[in-house]
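First chain written, first letter: the chains are A, B, C and D, and each begins at residue 1.
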Amino acid sequence: MIGGGNGSFIGAVHRIAANLDGQIDLVCGCFSGTPSVSVASGRNLFLPEDRIYNSYQEMIEEEAKLPEAERMDFVSIVTPNHVHFEPAMMALKHGFHVVLDKPVTYTLEEAKALREQVKVSGKLFALTHTYTGYPMVKEARTRVLRGDIGKVRRVYVEYPQGWLYSDCAGVNKQAAWRVDPKRSGKAGCMGDIGTHAFNLVEYITGLKAIELCAELNTFVPGRLLDDDGAMLIRYEGDAKGVLTASQIAVGEENALKIRIYGTKGGLEWCQEEPNTMWMKWPDRPREMIRTSNGYMSEMAAHNSRTPGGHPEGYIEAFANIYRNFALTLQAMKEGKEPSSLCLDFPSVQEGVRGMQFIETVVASSNSDKKWVKMVD
Amino acid sequence: MIGGGNGSFIGAVHRIAANLDGQIDLVCGCFSGTPSVSVASGRNLFLPEDRIYNSYQEMIEEEAKLPEAERMDFVSIVTPNHVHFEPAMMALKHGFHVVLDKPVTYTLEEAKALREQVKVSGKLFALTHTYTGYPMVKEARTRVLRGDIGKVRRVYVEYPQGWLYSDCAGVNKQAAWRVDPKRSGKAGCMGDIGTHAFNLVEYITGLKAIELCAELNTFVPGRLLDDDGAMLIRYEGDAKGVLTASQIAVGEENALKIRIYGTKGGLEWCQEEPNTMWMKWPDRPREMIRTSNGYMSEMAAHNSRTPGGHPEGYIEAFANIYRNFALTLQAMKEGKEPSSLCLDFPSVQEGVRGMQFIETVVASSNSDKKWVKMVD
Amino acid sequence: MIGGGNGSFIGAVHRIAANLDGQIDLVCGCFSGTPSVSVASGRNLFLPEDRIYNSYQEMIEEEAKLPEAERMDFVSIVTPNHVHFEPAMMALKHGFHVVLDKPVTYTLEEAKALREQVKVSGKLFALTHTYTGYPMVKEARTRVLRGDIGKVRRVYVEYPQGWLYSDCAGVNKQAAWRVDPKRSGKAGCMGDIGTHAFNLVEYITGLKAIELCAELNTFVPGRLLDDDGAMLIRYEGDAKGVLTASQIAVGEENALKIRIYGTKGGLEWCQEEPNTMWMKWPDRPREMIRTSNGYMSEMAAHNSRTPGGHPEGYIEAFANIYRNFALTLQAMKEGKEPSSLCLDFPSVQEGVRGMQFIETVVASSNSDKKWVKMVD
Amino acid sequence: MIGGGNGSFIGAVHRIAANLDGQIDLVCGCFSGTPSVSVASGRNLFLPEDRIYNSYQEMIEEEAKLPEAERMDFVSIVTPNHVHFEPAMMALKHGFHVVLDKPVTYTLEEAKALREQVKVSGKLFALTHTYTGYPMVKEARTRVLRGDIGKVRRVYVEYPQGWLYSDCAGVNKQAAWRVDPKRSGKAGCMGDIGTHAFNLVEYITGLKAIELCAELNTFVPGRLLDDDGAMLIRYEGDAKGVLTASQIAVGEENALKIRIYGTKGGLEWCQEEPNTMWMKWPDRPREMIRTSNGYMSEMAAHNSRTPGGHPEGYIEAFANIYRNFALTLQAMKEGKEPSSLCLDFPSVQEGVRGMQFIETVVASSNSDKKWVKMVD
């Protein structure tokens, strides 16, 4: 692991998620740019001293020298956005598979370069777009792609949070880097959570965004990046979308929600009650779909662990990415064809797509033109 | 009453709403442009034969000839949009107060002319923007205006319906006129329900829309008017809004919903559970506000009839417009100053505003410019 | 109307409910045992002076002397429980139909005597067990009786309220008579709301309770009647029930809820969201049944007024009793057979059943025996 | 681990829960009474061959012979009820700490003997009453014990499931042992899930049940144990409870729910939405309490892993028992006093209490007496 030292939120989540299914062991790490923090963090994680490194460069180099059976199989990179690209490139080049926190890189160019390197290296690459790890999101995709709701017409996706409603960068470490353009990139709220919403739509519907009309807002005085935004999106096949994301929606926690309406039916899913999905019909009662029931698809069942009514949550969704990554990796190591059930995790292409989204949104927000085509 | 013959939906609702509080009696009517239908309808309503009229012109003229104590006090006009203006003008000119179903007229010019006539005549005028009749909507307005949520930053308002998801104009009388530009006006879905959503925001926040960026869609082949649309709106005070309305959102009934976030808190209300409102706070638990509790404002209490937990609905909201209109009318007849609690019903200015909204949305949807200022 | 003077809750609800559909006009009343209050109340209701009476005896006698076309058709009795029996008997004996608030009488013996008088007189009699007036309750009954959920096994019915959680009899007029055995009868909470819950089960399932095991509690010090209770009930056909009712469940409003499970499926309905019912199945998704959809039964449709998504509430449910009573009465007056759709309102037999329930519950609560058979 | 071979539900959950926080490694196991199954299961779990045992006796004896630094620290027993007592006793006697699935044993006598052995041995003992591991349940306990809702008056606890609504013992391995008295004990549904409900009340309120009045039912023909039941319970301090549990409540998943009302307020929590709790008040709005907010107690925060809005579920609750057990064990090994935050996991006394509950319920169900005192 690179990053995720003591006090990190997302690093701890990565470790729990990786642990959960007993497929992955943490064997080494560089948990901070500050060596003493890295060492202290590694000790807390019961790592032997010689596998705790002072820099990610050192770690990648040293691990690459170990015999194949002993060295790490892959690296998890859980640093802020501006420290994604270099360690990822270096790991790939040294022959390691990579799991990378999103957004994939700081710039679109880096993302494309990384995509190229993944292709060239033939290594596995996973991007932790967590929300597509939920079994119900996979169920939604399955149902939409097989035509249950007909041709998609209308998509509403929203991602309201409230935790940045005031100027808390001075006291909240999580907030500090997110509102700092040097560490976050061109977009704040839209990069941090808007990309999740954008990814969710393309994942579930299989439709690509064509052009969009966006307005980004900065409500908290003195903030340098957007903390709120909304847009109209035109998708392939004449489907129309509205995407909103906000981090000043006071009192909201993490209420990512998607609603899709087609010619035959509709569906609705909200991340805060992830085990439930609604199917809506013109002429019969709305149905409450619940995880781990017999009527669920094979894809959803593969990504569930407990029987109906025993709620699974965010950590399990996260763990699904790691588990599918690990199962694919095992298959590769055993020379087998990985199952299509396991191959379903977000990769570098979703990362490139996310960076294209950020570029386009920022361009649109600065433009007087109504529609801006998706940047390529 | 003008319109609302046998089989009419909204006419029946108007009558129930007017009846409900025992303040208003139906004394005469012209219920259809077809005299035999008008007569049959009037008989079903227990009207004497001589108060059932063959045309609205006849009704207004004949009633005006009756002694003041016998003639109707006011007229309710519940016809399709294109038959709003003329009877309303005629009634005002003959000295009758008017209750008019929304949208106020077929064109903005008519709306302004009607506004002028209301002013000149000194007559009472109510527009049945039903949703502002809910006690909880009045509570929301009270709380926002007194600053409970701070300065308004972000508004989401949505109005999804699904009943026009397919081409049903041939079999559904309610659908037929709504999708017909000759009877509905320039906008379909946006005129029918988008105006409600627009009105709701301005009513609750007291903020005027400045400019907007809209896209109207027609999903059902062959339909002449929009059946769906979405827009970004800029309000006074740098508040930002998203408004969506759809009649092809399959499986949705009448799910008008508003969420408002300010600098201190947020609120949420949905028409389908009208007795509940959510207050959201950055640092303490979300509160579930419920009608008819001791903590409700005087304005909300004035518009409720039953104790907590005895749900009131759409008809009661509708009836609040009629009751407040009637109480104001009584005060006028008794030469008293009407209470501010009673004076709170939508009037012709809200109607003009709605027509301005329709004009602006249609213009924006046809424009390549990102922002179109609200038409005056 | 007898009772329901200024400040009365249930009297006002009766009037609104009777008004709502335009089938019933209030023509006379004795609104209080205190003549001046009766007169003041009648004037507020726009009644002519000569139809406002000083006592119910006077009213019944005077109205009976009027020509048939002028006198009242029926009387609504909305007094506290101890003033139900005598005016109801007197009205029946003078040839008037009767609508009576529940519980039917002060004692079981009175209830039986009233039942006999209804039978002898051939007059119509309605008891306002409001909750069975909801369209969704009628839908539930329709579905259970036609076998949708199979043979009924398990019933949970609960009726929590919180408004009597402290000693408020001194300040709350509604509370004062309910906690007074002289006005309420043998049971407090169980008589006031437990009877509604009991009635709801027998109405929906068509099953009669056979025996029960109850515990009544009085939590508020100094109170003379129960303010809470719970019981196990055995129904015909080996169905088992649990019934709870409480008026000290702090923070609850009027949360009457029923859940029924059969051999094939289950259903759930809650009064506070009355337009929704849940159907539960062993092997397919839970369904959300909503009023005014095309899939609803004829019985439910007959008792609805607005399209889907336009919520109807308590007043409309109440009005359904009055409307069905009025339609039946009209049919009788016209010499026609009333439709089975209209004949579906609670009558004196439900009242007798409620009094039997109260007697049995009180006996059981005082007994060491586990099971007490329903009193006959 | 003892039990939990391939195909086991609860064994897999135990392993995931133990893995989750990186505090515990699976080092050995006997996963089945059938050696070949044990070996196959152990291999799937990446265990070395020499730590996969053919019988639990062998495992305990062999592990005890290993040097302290190499042998297992504790054993998890996840077998059916009738194979709880002997391995637990043997493990304690050989110096191993124990985690045991609930109910603790097959009979009350065994439970008491085990309690004695735990006391004598000084070993740690955890019973996986999972539901008390939820952070929100700990929050509920904290709030009730510090008096937020005043003196407890009324408790409703319910645990409806539907999966045993028909005779599925032949096809469902999970069902087969639960409905078999030889493996389950004296009670079916009440032992399996009723004990969870019972434990939840005593945990949250700190009140002991004094006596109860129960009816157990067997709805599915041919079944030997109860599949449904309900009871009235009297608690210390004159609090009154209703407990229902059912496995024939068709369409229910795992809807454990508790509502508690005191003299000042009430609370409600449902396992299927575990991150939300409702606080109810007589004179102010209901509050929606959500995990991982700043207003949560230290005890709840200690048992949470993700920020607000990132749902945690059943596995995390389960993991809290393991984590607290592991943290306590670490403190013991380091000679430190374990924190009171960590010591909060169910132990053998809760197991004894559960067996007393089962004995009492069965006795009550077979009795004609109304109240049966809790068996000691």
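Methods note: a contact is a pair of C-beta atoms (placed from the backbone, for glycine too) under 8 Å apart; a residue touches a chain by one contact, two chains touch by 3 or more.
Because the structure is predicted, anything quoted here is derived from the model rather than measured.
**Q** With chain centres defined as mean CA positions, report which chain is farthest from chain B.
**A** D
**Q** Could you quickly compare A-B and B-C and let me know which has more C-beta contacts?
**A** A-B
**Q** Find the pair in C-D, B-D or B-C that has over half of its contact pairs, by residue number, in common with A-D.
**A** Selected from C-D, B-D or B-C as the counterpart of A-D: B-C.
**Q** How many angstrom between the C-alpha centroids of chain B and chain A?
**A** 43
**Q** Just curious, how far off is chain C from chain A if you go by their C-alpha centres, in Å?
**A** So the centroids are 55 Å from each other.
**Q** Taking each chain's centre as the mean of its CA atoms, how far is chain B from chain C in angstrom?
**A** 34
**Q** Chain D: which residues touch two or more other chains?
**A** As it turns out, chain D has residues touching two or more other chains at 252, 279, 286, 290.
**Q** Which positions of chain D touch chain A when the two form their complex?
**A** Touch residues, chain D against chain A: 9, 12-13, 15-16, 19-22, 26, 45-46, 161, 252-255, 271-275, 290, 305-316.
**Q** Across the complex, what residues on chain C touch chain A?
**A** Within the complex, chain C touches chain A at residues 279, 283-290, 293-295.
**Q** Which stretch or stretches of chain A touch chain B in the complex?
**A** 149, 153-154, 156, 158, 160, 162-163, 165-166, 213, 215, 217, 219, 228, 230-232, 240, 242, 244, 246, 248-252, 259, 261-266, 279-282, 286, 367-371
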